[in-house]
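Before any comments, here is the structure.
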Amino acid sequence: SGSPSSGSSNSAGAGELTSITVGVLPIVDVLPVYVGIQEGIFKKHGLEVTPSVAQGGAALIPSVLQGSVPITFTNTISHMIAYNKGLPVKYLASAVYSESPSGPSSADHPASILATAPDSPITSVKQLAGKTISINALKGIQELAVRNAVDVGGGDSSTVKFLALPLQQAQGALEAGRVDAISINEPFTTAALKAGDQIIAHPFTDFKIPAADYADYTTSTKYADAHPDVVKNFTAAITEASEWARTHEAAARKVLLTYTKLSAQDAQEITLPYYEAQADPASLQELADLALKYKILDKPLDVTSMLGDAAVLQK
Amino acid sequence: MSMLSTVHAEVDKETAVQNILEVEHLTKTYGAGSTAYTALADISFGVRSQELVTVVGPSGAGKTTLLKCIAGLMEPSGGQVLFEGSPVRGVRKGLAVVFQDYARSLYPWFSVARNVALPLAAAKVPRAEREERVSTALEAVGLAAARHKKPYQLSGGMQQRVAIARALAYRPSVLLMDEPFASVDAQTRAELEDLVLKARAEFGITLVFITHDIDEAVYLADRVVVLSPPPARVSETVQVALPMPRDQIATKELPEFGHLRAHVYRAVKNRPDDVAGQATTTATAS
Amino acid sequence: MTAARRKGVLLTLEVATPVVLLALWWVLSSGSTSTFNPPLSEIAQRFVQNWFGELFVTYFLPSLGRTLAGYAIAVVIGVVGGTVIGLSYVARRLTGPLVSFLRSIPGAALLAPAVTLLGVGDAMKIAIIAFVCVWPILLNTIDGIDEMAPTQRNTDRIFQVNGMRRLMWSTLPGASPRIFAGLRTSLALALIMLVISEMIASTGGLGYFILQAQTTFDVADMWSGIILLGLLGYALTLAFTFIERRVLRWYFESKGTA
Amino acid sequence: MTTSTIDPHPSTQVMSTDALRAASQTRRRLMRNALWGVGSIALGAVLWQGAVWLGVLPARYFPGVPDLVRAWVELFGDETFWMALGNTLLTTFLGLALAAVFAIPLGILIGRSVYLFHSTQFVLEFFRPIPVVALIPLVVLIMGIGVDAKTFLAALAAFFPLVVQTTYGSRSVDPVALDTAATYGFGPFRRLFGVLLPAASPYIMTGVRISAAVCLLVSVATEIIVGSPGLGQSILIAENSNALDVMYALIAMTGFLGIGLNGLVVAVESRTVRWAREGGAS
Amino acid sequence: MSMLSTVHAEVDKETAVQNILEVEHLTKTYGAGSTAYTALADISFGVRSQELVTVVGPSGAGKTTLLKCIAGLMEPSGGQVLFEGSPVRGVRKGLAVVFQDYARSLYPWFSVARNVALPLAAAKVPRAEREERVSTALEAVGLAAARHKKPYQLSGGMQQRVAIARALAYRPSVLLMDEPFASVDAQTRAELEDLVLKARAEFGITLVFITHDIDEAVYLADRVVVLSPPPARVSETVQVALPMPRDQIATKELPEFGHLRAHVYRAVKNRPDDVAGQATTTATAS
């Protein structure tokens, strides 16, 4: 990855940097982490961040609990499940929203869609009864989002069959007629739309609060207690980095190229999520309630207790 | 074919014409490069139809190698083996071999009877005849009672007799036997020798018989081929003109038998370099 | 020691080890409050809840069916393919690197062609199970045939035991101890693949259950699934050994290990 | 005696030419092996490209051979690729070595002792079917995400096939060979290294070949799931970026690693197990 | 120990006391139930220290079985074997066996020299002495040139000689040999016989020697134990009072040799159920 840009020289002395590993996924959602590294924002806050790329929450939460990865990106539903199971996880900061809380973005297309094949007779979620939808993982944020989108769109999600399929495989399975609809997000959305897929829903924005606060940065309570400074500095840095990513979109898109294998064209064309480090308790509570409704959580969750002292969005 | 007979010093032109098997300047070298080892230097002899030729020679001379070349199991390094006038390439039909490594030539997963029956089944002998031939052969080698046993339940000598029974039941036109009686007792051995002679007479089998027992070599043979130590050559071919049929007592009492025996013994012993003799005189046992 | 007594001792050993280990686990985990190490009593309770009911039929049996189907396909392809490759020098050389290549292909690569060609149903999962299980059988068959004792090979040739007969009477029995080693290795792989194949494109099954319990940090449920898997593995091994003892009786007896 | 009469002269006279011939033979054999390897890979390439051309595998989602070659060329110029490769190889080798150290002696013992066999059977058969992926969270919880966790998981996965193969191998040992060892009073060490291991080695080497591939696969899989650096991680990134050609190029690389690994084992095998092919095994 | 001697009819009290090996009412039944097969019915005999006892008997009599019981490799079904007065349980030190199945008792993965050296290494013989003993033994059996070869590169007889060399190099106190010379030629055999006698004299080895060659049995023996066909019993024990040292020509010329030979031959032949004899008279070959 690139070296810190020379513009941010007002950093703490190099000798005082605390090295931490931050768990990330190789997706656009973690852009602020790389921005923070490359723009020297972490350095400025006394942190030397090394990203550790994993496939999903399954390994990331245990590695946070074990301590070798003190802080990790995770989707909020995973965090909620762990929290509800009594695991000592601590919410640090929000990571992304599905769109700007202040209204839909001006992007050409949504970041996340529920799509059917170009020639498919299915043009509405109402026609999905008995059909099969592919999502990236069951019992996670995507199932929740798609179920909700189907239900609020007038369909009945209990009559739909869900199938876990890697996002990369979804479009192929759709075209081969193996599934009837696919739930995907970037960069696969861009590819699917180029292929002429029909959009029948926007799962990640079809909530009551469209700007869904669906991912966060997590640490363990043990680490937070032992290293309050680090945690504080990280939160501050990621807040700054998120803002930078929002406000320097063109530069941020270049950062994408450093940690993904996106083509240059894709990096320009894909729709970025809204990077925001402050949590939205209302959105989170809606997600928690839906998770309970769809049996992803097995008991109710009060979001405020989960958030603890994390910064929340002032509307 | 008569043009070939000139290369055989011992075999006159007339008999050469009738030779069913013709070993011509056979050489065999194992391995290559610095580890190359020449087992057969230059072997030539012929076998007439229904003849019984025994091959004797010191241990490690190359007898088994020679037999494998004749059987078509091994490609010679030089020279050739002719069968009925055409060069041997691979294994022919109607040939049977009793391997020196008899224990490993039996199929451990089949019973004794099944082992004997197998080649017959492969040759599509009808079931009833197959059954009968197997029983007769097993009885002939004294193993009628062991037919349902598996090879590993037999003693060494019994396994060897199974291999012999299998070859005999097969009724080959050419039978190659590699020290077939090495592991059986004297009495059984004598009986088996007579069994082989009888089978030859009955079914007109051509036999090449390797043995290290000189009495046996002379008793059975029409001709004895004596190999030199390796790299092996034919050091002598001895015609055995003993009357037929042979008899364990009468034949061996004949003065000619004694002469032939002594002659072959000397032929085997007549080694250019008698290292073994040296060994026993110079070496202390271990 | 008499045969009967020996049998008794062996049986006791076989039963005693798991009992002792389970007891240890029970005692050591009894007071545990850790999410990742629930008391065995709780796991046992979940085990009964989960598997003495509907899930056994709707989750376990379909998984088992797919696994056995995949394994069966692997056995056929492994033995037949291994025989064909083992018998032919050209085939052996020509497929050698290709086989090593395919054996080392990560699952991510298998999935795409499997989904494209076979869809997202049982056929795809069975194919993936078969694909992974086939290699130990194939390799053992090839090596077993390749290492056939020369005297045995010579005997086949001399007595004109050719074609199918040679295969059925000599080649395959000779390689059978090897083939069984491969079958045994693959049996466990099939069960592993039972879980792996349900990582994707699944809506049910034992593997799905275990993985789901794992991602939702439901460790007791996860262990209840794993225990069922382990018991299944043990049961299948017993059945396997039962068959093997009969088929390879000549072998064990001749090796003195009957 | 008879065999001491081998005339030494024929071989010594042509010694130098023999040595030359041997060297050129080795060269020729290497050439031949390489040719077969190339042939085999070409066969695979033709099959793949054929499937893509015929549309059995849609070209949009399955890059053709030229695309793969292009991706490889790019990868080879990429330093991170070589580091990933090194990481994966390291895990694989360490895992395999660790597995072998435990599995082979255990397999030998289980194969030779019915008592040990019966006392371990349940435990082994119980744990054997548990997939490594199911254990990843537990292992990560205990060992974190470093090389040691990855190596442990790879070793664990490789352990079981090797135990099974070794068990079967040690049962295949000829009883006469064991009787011989017994009468000459071989100690445990000599019995193990002089008799049991070599006699079982045809089975063991097949097991090592199986386990080497398993080790490689598990290394890659844990890299994907846990996110330790290595080829798996590179595959994960490419996959999430919809970079098909890079993904398949990387996957093919693991396949080539598999070929190399297998070649390595076979090279060892052809030295140690030659006796079995040339006439020892029964 | 003298209390045991009463059970041996053939051995008088005095010699029994010196017996180093004592086989007492040994029985061995293979298998169980309906497939049970009794190989040894009731075998008793003793072997004095440094004695050379040869065992003869028809093929399948149970000689190998008996030898394995004496070696402690096989548990008898009944009776016992005493070594120096205490019952044999498992294999003792200082014992060597030349197996009938010599090919399988060599380690195919080791060279000839390594095969011979292995037991010496196991017995912690120092390297230099080991080296020397291996060379001497290989030379004694005529295989000095084959020391770097692998067993599969040797002929059958050569492999057998390697096994013999291994046993001799080991210098056991008790040596059991099971048809050790079955696969070697007459000349080599005679040399090996003398080698064994010499080793016995030199190192004071006690020998039990199984053979199916009656000449050999008499030539080598202090005593010949004749086994009956299975289920085997000791049909006779023949004392061989030929003068020492033996000589291939002189000893065999002695009239006593002829008598003993004939006597043993008759003892072996005197089978209650002459199956083999029947076979040759009734069976047509295959």
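Think of it as A, B, C, D and E in the order they're written, each chain with its own count starting at 1.
As a working rule, a residue touches a chain if its C-beta (ideal position, glycine included) is under 8 Å from a C-beta of that chain, and two chains touch if they have at least 3 such contacts.
Chain identities (UniProt): B, E = ABC transporter ATP-binding protein; C, D = ABC transporter permease.
Keep in mind that what you see is a predicted model, and the values were worked out from it rather than measured.
**Student:** Mind listing the chains that sit against chain A and also against chain E?
**Tutor:** The common neighbours are D.
**Student:** Using mean Cα positions, find the chain sitting nearest the overall protein centre.
**Tutor:** That would be D.
**Student:** Select, from A-C and C-D, the pair of chains that is joined by more C-beta pairs in contact.
**Tutor:** C-D
**Student:** Farthest from chain B in C-alpha centre terms, which chain would that be?
**Tutor:** A
**Student:** How many Å are there between the centre of chain A and the centre of chain B, using C-alpha atoms for each centre?
**Tutor:** Between these chains, centre-to-centre, one finds 83 Å.
**Student:** Distance-wise, how many Å sit between the C-alpha centres of chain C and chain E, to the nearest whole number?
**Tutor:** Centre separation, chain C to chain E: 48 Å.
**Student:** If you average the CA atoms of chain A and of chain D, how many Å lie between those two points?
**Tutor:** The separation of the two C-alpha centroids amounts to 39 Å.
**Student:** Can you work out the whole-Å distance between the CA centroids of chain B and chain E?
**Tutor:** Chain centroid spacing, chain B to chain E, equals 27 Å.
**Student:** Going through chain C residue by residue, note those that touch at least 2 other chains and give them in order.
**Tutor:** Expected reply: 36, 108, 112, 116, 149, 151, 199, 214.
**Student:** Please set out, as single numbers or ranges, the residues of chain D touching at least two other chains.
**Tutor:** Only 1-4, 6, 58, 61, 137-138, 141, 174, 224, 239, 247, 276, 278-279, 281-282 qualify.
**Student:** Among the residues of chain A, which ones contact at least 2 other chains?
**Tutor:** 56, 58, 61-62, 166, 168, 172, 176
**Student:** Which of the residues in chain C end up touching chain D in this complex?
**Tutor:** 9-11, 13-18, 21, 36, 93-98, 100-109, 112-113, 116-117, 135-136, 139-140, 143, 146-147, 149-151, 177-178, 180-182, 184-185, 188-189, 191-196, 199, 207, 210-211, 214, 222, 226, 229-234, 237, 252, 255-257
**Student:** Going by the contact rule at the top, pick out the chain B residues touching chain E in the complex.
**Tutor:** That would be residues 30-31, 37, 56-64, 100-101, 103-104, 133, 136-137, 139-142, 144-145, 153-158, 161, 165, 168-171, 179, 182-189, 191, 194-196, 198-199, 202-203, 212-214, 265, 268-269, 275-277, 279-280, 282-286 of chain B.
**Student:** Okay, in this complex, where on chain C does chain B touch?
**Tutor:** 149, 151-152, 154-155, 157-162, 165, 169-170, 173-174, 176, 250-251, 253-254
**Student:** Write out the stretch or stretches of chain D touching chain A in their complex.
**Tutor:** Listed in rising order, the residues of chain D that touch chain A are 58, 60-61, 136-138, 140-146, 224-228, 233, 236-244, 246-247.
**Student:** Along chain A, where are the residues that touch chain C in the complex?
**Tutor:** Result: residues 56-58, 61-62, 78, 81-82, 85-87, 132, 134, 137-140, 161-166, 168-169, 172-173, 176, 178-179, 296 of chain A touch chain C.
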